[in-house]
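Read from first to last, the chains carry the letters A, B, C and D; within each, the first residue is number 1.
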């Protein structure tokens, strides 16, 4: 039901032309689509009713994630919903939730997570962004949706170690955003410079890494669903082309090299999807297996999407790498999503950490 | 010239029936073939003339290694020639060389290297075999050709750290050998228990690991040539079958799944072979690049042979895994050679070590 | 999809668990029996208590259980080390074929004894010249009154030596195109005219046989489906084969290799701390987990009344190669000692070495990797079939290379 | 095979090195010139001193150098960052084709100016409907007296916009089978009847063009080979194409990624200490090294007078995929920041991101991975060709799906 509704909605409101307009234009997202998504209530999906949300489960959100991934939607959904909203739910005080969750639910505010400070994995030992006496100073780069966010959740250090902070973006020169070009211009990114910006502690001081890990475990499942959706769309595009395009008097899809390539895509996609079902179940029930299920979903989804997106281009031959074809949408998005909350290698490592915990 | 001669000799003296006889019988090697190899002077190839050898270069030995690998020869050539002989050349005193090299050259004595003490990589920190006052105590397993060797080079520890020792095998109960079954019964292996065996230091005390590394760098190139020879033979066997065997009215070699599988074999084999040429050059000229060239030869040869040997069976379908077909020779030997002087993972690590040295 | 038991499922699981606890034979009961004897003892006990082939209709000796209940039962039974592999072909392939194609009398005669384990069945499809091209079979049956006379050779027959009955496809008309000249029968494996020779594999085992037919006679009443309809009947069997063979690879998996890596050192630390080892294990874990939940999803589909598709081919395609690579990797972890195949000297009783030698068969038996990829491409994705040069040509005129 | 210089080779290397040292243009000399201008300046300087196309015969502007000398020269020249890519098609593909198929007059007229860089050539083979099936081209040439009239569209033409001449294959007879109705020409790219439109790639660049022909006229004297012999002539060009395209992937290789890994931390240590990173780098190093020495071996074969085979396809097949995976890996090493494509903000001036976006083209241009694998299987290993449903059928009757 929800799936059919979502598919219908996105077919109408997020055809390839919408993605292309953001790719080729100056906007960081498609504002029209975003407004309609808000009207659909998707941003409110897993926010409790008391804070103005719909109080639905992560299973519903997984369905939405997959469909947004399938159409490569150019909107800040992941930043605002999987990350900012969940960070508040996870660690926010009642006041913080009351203040921000209704605004995130109605889309009045777009939220994001500011974690990275350049190349490498951010951790308590290497972050430089620093809080002192309620103000924050330092640089975060890249931050998804930095240019359109009203609220950012920032990983920073203080006397007590790494913590998360809530920072309102509208603070004049104290919070300066510069756009940053990425591999996937259909999703806006920026650099944020905090210069004595007002910042409010989110959750316990010194618990930033622990909270971040929890938050990323949750987000990993939802990112994985977006990736699986995209991988599936790439496979369908490749299949369609392989049936239509002829070489040497027969469809290229009748050659084993192409058949087996697409069969491999199907296999990788199917395994990733099955892992994601398990991830969604673990997420929605709050099961202890979440860290393992999340890492498994994430690693297999990264691999499936990379493979499907690059081999979709390959299946298209010369057409595949022309600007006018849409194969590039998946290729760009696959790579962006594969690093956006930590790389394949980082999640492989987390997977085995979680596995060790389960075995022990 | 040498290659044609070697190929002719081995075609006559090491047809598949010879390999099969060792596989199915109780012998650890084919004594007849070994005697003829000695008569050909192959065991004397790189031993200096002053010690009864031919004083040829490692280039000639590489050719022999490749051809022995191609026919999966069931003889202790690698143990005696690449390892024991070279250990003596590398670290032996004049007396030691005078005593042993002529015997190794004429094949009067078979030598081997006793390094492993069970699962894992042997190093100065974990070996238990211990020398004290000229006698050796401890267990080595598995040791290639232990049951037929007259001389073993043993890695053991003493007060000064890890060292290499020369041990004559004929010492009654002080050196006890038990046969050990491996994946490749065409090459004998055993466990050696040293119980106060007479042992003579080879090279400087405490320099065992350094010497062993040098020795293994050299041997890696020669093992790689055997592996490349075997991989090439596996490819040829697969190709032959793919041309002959029909399915659905045409040769299976006309299907892209098989064609591309064999093309991949060819690519891996060719890259490995090219690396081996470089390895042989570095080995024969004593170039500084030897550690890097050796690791490169070894890693690519391991990968090529594993792939060719398993996909050769796969190409043969049901016939491939029957006892009566010879596909198993390559599959067994590929796996044996891939661990016999350290695994792919160990050599990948050594490759990067060497690369770092070259870059620094 | 829900990954926890519903109340009804939990109750069923409890019942199954309790029965197993009370009825699994002790080591002493098994003592002195060979593999076949042990399997028959256990199967009969299950049958008598209504726990054999539980998804079958009750009239054939089953329990009419749902697919989910079947999985619950299998999961619980798998917690014990019990014999039963000898029944997998009869119960998993012959029985579904009989259910679809045999008449009521034959069903009543054979199915209950398949369920009880009193009669063991084997399958005789493959032939030396066939391979992946199964329909290219040549063993012929010629009609002689109410009987057929069989001559030729089958191969790769598991369990022929201890089987009571066998299902097979034979060429009854070589003058028509390949798929059209076949007819399907079941036969008495103890009847005269059959000779069975074991095939030794590279692992040293001999799980398969060659079966020679010399003027063997079978009654026309043992025909399943019409004359010339054999390929269609065979497809029923084959769809069930791919589901029943599954991934294989035995016990070599992330669990065993992880534990091995804990015991083996790299640079003075357990190999589980080595990033390269971790990355490989993580990838394999993703495959195992993905396969497990894919089969659960197929099951959910089943329980919603949908037919399971050739998606099951994934299990075999991914699982066999993975087991081969994992066995190879586990051997490498042990370095030189990894070559040792002696169960007394090698880690985990040489399980990795045994698997390494046995696995090439699993990548081939029941359809090679390449055939599986074709099945996925054609039947799941709907891509065109390979160009067929043998299409429409009389069987006797197809090029064979021989 | 010897990996060190012989005395003669060492002398040649010294001479080349010295000349380069004295003659490589300074930045100031290049100032104000576009890529084409810079390339022409440098090419002319080499030509005047006898260092252009050194393996060509002297009569055509070369030096008659041996293959080994050619490699030595290329190695030494590659130590400087110099322009010259615009000549690779003309000198690498058009020139060998002219040498084999053109008459003496044409050779004397065109080859020296190809060597000197005064005239730039392009190649027009691919068509929208063609792809891997190159011979399926449809752009037609119809004879009109001593001239041919060309109509149709070519695509994927590099450098059409700055080229003086082009080589192309055209359909001159659609009523005969595909490969038999083609004829090969060279044309003046500045002549009337040609329209050039750039093709934008996903990387944002536009290295290729579509070229439209409308009643363009070319003299029959510009035909290479006989009428209907175009495919044979094209093969000369294509064999040289595969050798000249090579592996690609630009500067992304073990050298650059290793250095990047030294600068990036994992668990508080340089990523070069991470075993998983090391294993990946080791594998790629083996490929790079293998490719390098494979090309040296091909060269040795060349210097022994043997013809280089389609073994060169290995370079493209392995190299392009490797570059794609390495770029992806290098991006991953940078974690989130890996997505940044701004040369001012991204490691090594966003080289990895640029390569990642450009590389899909390299896996396709000059023959896809799949075509390369076919070439190796068929021409090196001698396996049978794919089943051809278009064989012997008049071109106009081949199924096209359109």
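Quick note on the criterion: a contact is a pair of C-beta atoms (placed from the backbone, for glycine too) under 8 Å apart; a residue touches a chain by one contact, two chains touch by 3 or more.
Just so we're clear, the structure is a prediction, and the values are computed from it rather than from any experiment.
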Please flag the chain sitting at the greatest distance from chain B, going by CA centroids.
-> A
Select, from A-D and B-D, the pair of chains that is joined by more C-beta pairs in contact.
-> A-D
Between chain B and chain C, what's the gap in Å when you average each chain's C-alpha atoms?
-> 39
Chain centre separation in whole Å, for chain D relative to chain C (CA means) = 51
Can you list the chain C residues in contact with two or more other chains?
-> 266, 275-279, 370, 373-374, 386-387, 389
On chain B, where are the residues touching two or more other chains?
-> 250-251, 255-258, 260, 345, 348
Chain C contact footprint on chain B (complex, rising order) = 115-116, 118-123, 125-126, 141-142, 180-184, 189, 191, 244-252, 255, 257-258, 306, 310, 313-314, 317-318, 320-324, 327-328, 331-332, 335-336, 338-346, 348
What residues of chain B sit close enough to touch chain D in their complex?
-> 239, 242-243, 250-251, 253-254, 256, 258-260, 262-264, 266-267, 270-272, 274-275, 277-278, 281, 285, 295-296, 299-300, 303, 345, 347-349, 351-352, 355-356, 359
Chain B-touching residues of chain A, taken from the complex the two chains share = 255-257, 260
What part of chain D is in contact with chain B in the complex they form?
-> 1-4, 254, 258, 272, 275, 278-279, 281-283, 285-287, 289-294, 296-297, 311, 314, 317-318, 370, 373-374, 376-378, 380-387
As the complex stands, chain C meets chain D at residues 266, 274-279, 387, 389
